[in-house]
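Look for chain A in each of the two complexes below; its partner is chain B in the first and chain C in the second.
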Partner chain A sequence: MVAPVVLVIGVIIGFPLVRGVFLSLTDANEANVQRDIGVNHIPATYKFTGLDNYTAILTDDVFWNRLGWTVLWTVACVSLTFLLGLTLATMLNRTLRGRTFYRLALILPWAIPAFISVFTWQMLYNEKSGLLNKLLAGGGIDAIPWLNDPTWAKLSVIAVNVWLGVPFMLVTLLGGLQSIPGELYEAAEMDGANAWQRFRNITMPGLRAVSSTVILLSTIWTFNMFPVIFLLTRGGPGDATEILVTYAYRLSFVNSPRNFSECAAWGVLILVLLSAVAVVYRRALRKQGEVW
Partner chain B sequence: MTRKRHQRHPLASVGLHLALALAAVVAVFPPLWLLVTSFKPTNDSFTTSLFSHPTLANYTHVLADTPFLTWFKNSVIIVGLTTVLGVFLSATTGYAVSRFRFPGMRPLMWLLLITQMFPVAVLIVPLYNLMATLGLLNQPAGLVITYLTIAVPFCAWMMKGFFDTIPVEIDEAGRVDGLNPFGTFWRLVLPLARPGLAVTGFYTFVTAWAEVAYASAFMTGEDNLTLAGGLQTFVNQYTNDWGSMTAAAVIIAVPAALVFAFAQRHLVAGLTAGTTKG
Partner chain C sequence: MRRGIPGIRGITATALVAGLALTASGCGGSDGNGTANSGGELSGTVTFWDTSNDAEKATYRKLAEGFQKEHPKVHVQYVNVPFGDANAKFKNAAGGNSGAPDVMRTDVAWVADFANLGYLAPLDGTPALDKTADYLPQAVGSTRFKGKTYAAPQVIDTLALFYNKKLLKDAGVPVPKTFAELKAAAKKIKDKTGATALYLRGDDPYWFLPYLYGEGGNTIDAHSKTVKIDNAAGVKAFAAIKDLVDSKTAITDATDGQENQLTALKDGKVAMAIDGPWDIEGARAGQAFKDKKNLGVAPVPGGSTAQGSPQGGWDLSVYAGSKNLQAAYAFVKYMSSAKVQQETTDKLSLLPTRKSVYQIPAVKQNEMVTFFKPAVDRAVQRPWIAEGNSLFEPIKVQMNKVLTGSATPEQAAKATGAAYRKLLKDYK
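Take a look at the complex of A and B:
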């Protein structure tokens, strides 16, 4: 029963991965890969070039600039999402009227496909006639070029991604909060611990397992978040909001001629970066005594 | 529910409700605005009034005069196949990893986890070339295979977490009663893992329904687009049909929201089982 499963997984993941690494070591592009034009079969003519792609990328400013913004984007998105998610989860974990209503309302952004939400935000951000600028105009404030000014565009994409990501944080952290036994809080109150002390000494340690997982997952997802940036700004204005993934995509599916090998090399570099982050993160957790 | 927490200061209660209400408005407003806009006449898409002249014109236009139904059909076929195959593959994989010890198991587990980190860019080029070679570009099968590579690893990981919580004694009982390994899996273990299957199905569905990068790269030509690709044709540098866009977006969002509503009870359990008990 194991064999077919391993086979299928190996084929659908292993093969493209190995081939991606191989392509990154060649000079393959649109003009020299194997293709069929009508009845003519043109064999591939690209050559093995070793690490040329990698040295070219790593010695070019474009990579480092994109990496800087990608890291900023990931850190900003993940920390804001986590803080907001934790705040809202703590609030929802109290006894209060209308809890179910608030909970359903707050997870709504999760239920809607991301590309739909992104289109909606694009509409709200519209510089000439979008709702946000109309509201500002009502308050006598000049229109803001949400997606056309580098700084505003960066803030705008982060805002949308945080809006998309909070529900996942909220739901998982709420699950984590509810698994902390109530007796712990009662005992702490008896001992005269104030709210902040209870939060620091019971809630935070109780949430550690869940939060370390969701932070790692959301770091990986944000680092590779394609639709928000691709659909909202196309990486623009200029390349102000282009993260590594959207840039790599542009290399082989937007630019012409399509540069397959360089795109693959960018992909491998992204994968290496993320794996390094994950390994370091795991090791840090293990030092704190996490079994994960 | 301690006595003390019942005696929350009234002001604190007001603050709590105000903060939650504000957050709820921020969360609900964009989708709600989308819904409202979709009922406005095309020329009024950007008016701030709520219901100036409500009309169904956008919906009838999208359904009757654009290839929207074709895209919808394409998406349903692709996503349906992906979900069925994805759930089956991840359940069998998860079960295999949970129950059997075999050489190469640890590397396989690692491969499943690391796939989460695969950026679109690593796989998209080899998959694109592979699809081109096999003649699967512009074919639903091409996208189905692609989506399986995204969804199956994570789902298999989640399913392993679920199967780990089902006692091995159940498998043994099945074998004693003369069932073969697949029979045990199919008739005894799988029914117990139903919440896991719900989460897996949900995740696969949503991943495929909302995928943009592969769909935009692999499918070209008006008749082959999926919803994600088709929607982009309404508003781009050439056209600005916000009316059709909003109506189409609402129709696309509804099935996803329904599936979500069905699966959301199990989501937390599924995500935490899969990710913390690795």
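Take a look at the complex of A and C:
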């Protein structure tokens, strides 16, 4: 009965993956791969180059610089999103008037396609005509070069990504919270545990399974969060907000002919990095007695 | 180089084009099979990707659809693709063999690149090239690649200094001829009018070229296969833009420059901006130019040793995989005809590429043409090599870095040169 699963995974994941790995070991680019355009037949003339692409990437400062910022960006985004999501989820996990309204309002960012949100933010951030600076001007504060200064641009992209990511955290953590039996809290209260003790000893362990999964997922997504960076700053100013995936894109799709092999090598490296993170993370959880 | 914002419109357009292409290839019958029918009459659909901006697109749509009057059996499918997306979108469609347009309005820097990849149909000996002796010689430059012609020139342009006549008059300063003069006038302009002297496009590398040419520099020399940008002139050019911003002569942005520049000019917040004919209509729609005569145009200011602005423009190219080549050729012929060129000049003040059109009285008297024509005649032709368009990205990154203070002009010039040598493997 396993055959269909194997087949589907092979077709939709296996083939592209193997093809990507193969391309990363060649010098294939837009000009030397085989294609037929109308009457033009262009034969494949790329060749196998072994690990050349990988050596070139790993010996270049650019890779390590970008990796540094990508890690910082991921850690900042995931921790802020998680903390905010957890706080909001805890606040919503009780009976209060208009709970449905709050929940809906908080899920709203999720319902809007990411690129629309990003464009809206881009308008808000506009240094000369954006709403944020107009508000600051109203308070007598000088305009802030949101996307035109390396440091501000970094903070700005993190803010947008956190804004986009909180609803997911909120929903999943709220689900986790609701699966914790209320009796535990009642019993703890009877034993005289205060709010913090209840949170520390009931909520946190109860949420562990959910939170470990969402943190891992969120890490993977944020690490590869192309649209926020690309649409908001295109990696700029300069290359200040460039993460690995946007850099790979710039390298491989902005220049011509597009370098498929180099792009594939970047893809494989990113995959390897994320797989390593996932393995290490799982090990760490297992050591804490988590079955995952 | 005009920047566009990718958006819903672009995505819908792709979906639409992809859908159409599927339908066209699916039916494959007599309607879209690419040749004229027995009577010699053209039929089928011609999909046209137009890259003109918001102020121009209505005119282009009307002109494109005007082709149907001459060829009633041909349906023109007009699609506006924002300039910023068009290059990548065309490459995706052409390389993947689905959804590419039959005809595209192609930036002059893209023709050699697309031709090199085998995406364009050579036009020599086809009906697309009509009365070629009538084309301005400099406009033909970008259409040729390895001895063949891959496009028909449609519009030619260059950058110039747009200025607000009233603001300069109120400040009592003449139109600056060099960036040094502009800098000297900046304080007067600010004190007397409150406006900043210049908007400097810090987000788009095309706008770096006047500063580079002004210092006697260039990006590369295609003849001797040498990278030029990291020489002393290149360093001076990066220093020049930094100086204009630091001295508060100019304001700038690292993103959204197209929109911000036009808004600043339209609202009278800046007295001058470097811009091209494509923004004439946009600028005139602004508050500061309610009196259309208030918009002045002058040559791009010179640098410390020279003066120059890049020659740009638009060509019409035909996709090699077009299912309807004959109609596509006819469409190119029509869109680059003297009649259509005259109309784009009348309505949009864009510059024709045909000598004969400049002889028409209405065109001759067009104020923008009278200015831009001599400017275009002296504009600097860029190297029309396959990698020509790729030369911009490294400049963009580095000019951003210089303007935000994260790289010195020396570092920026060096880094750009290094990026060029990676790109152009056989260059010194």
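Operating definition for what follows: the second predicted complex is superposed on the first by the 280 of 292 C-alpha atoms of A that agree within 3 Å, B and C clash if a C-alpha of one lies under 4 Å from a C-alpha of the other, contacts with A are read in each partner's own complex, and residues count from 1 in each chain.
Definition applied: contacts are C-beta pairs under 8 Å (C-beta built on N, C-alpha and C of every residue); 3 or more make two chains touch, one makes a residue touch a chain.
Keep in mind it's a predicted model, so treat the numbers as computed, not measured.
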Which of chain B and chain C A:253 touches, first, second, both or neither: both
Which superposed partner A:119 touches (first chain B, second chain C, both, neither): both
Partner chain in contact with A:147 - chain B first, chain C second, else both or neither: second
Partner chain in contact with A:239 - chain B first, chain C second, else both or neither: second
Partner chain(s) touched by A:42 [first = chain B, second = chain C, both, neither]: second
Partner chain(s) touched by A:129 [first = chain B, second = chain C, both, neither]: both
Which of chain B and chain C A:30 touches, first, second, both or neither: second
Broader residue contact with chain A after superposition on the shared chain, chain B or chain C: B
Set intersection of chain A contacts, chain C complex versus chain B complex: 35, 115-116, 119, 122, 126, 129, 231, 253
Of all residues in chain A, those that touch chain B in their complex: 1-2, 4-6, 8-9, 12-17, 19-20, 23, 33-35, 84, 88, 91-92, 94-96, 98, 101-102, 105-117, 119-124, 126, 129-131, 134-135, 163, 166-167, 171-172, 174-176, 182, 185-186, 189, 209-210, 213-214, 217, 220, 223-224, 226-227, 230-231, 244-245, 248-249, 252-253, 260, 263-264, 266-268, 270-271, 274-275, 278, 292
Touching residues on chain C, where the partner in the complex is chain A: 5-8, 88, 91, 94-95, 97, 113, 116-119, 121, 202-203, 251-256, 260, 263-264, 269, 319-322, 325, 386-387, 389-390, 393, 396-398, 400-401, 403-404, 406-407, 423
Footprint of chain C on chain A - complex, ascending: 30-31, 35-40, 42, 115-116, 119, 122, 126-129, 147-150, 153, 231-234, 236-240, 250, 253-258
Chain A-touching residues of chain B, taken from the complex the two chains share: 1-2, 4-6, 8, 13, 16-17, 19-21, 23-24, 26-28, 30-31, 33-34, 37, 45-46, 48, 89, 92-93, 95-96, 100, 102, 104, 108, 111-112, 114-130, 132-133, 145, 148-149, 152-153, 156, 181-182, 185, 206, 209-210, 212-213, 216-217, 228, 231-232, 235, 242, 245-246, 249, 252-253, 256-257, 260-261, 264, 267-269, 271-272, 275-276, 278
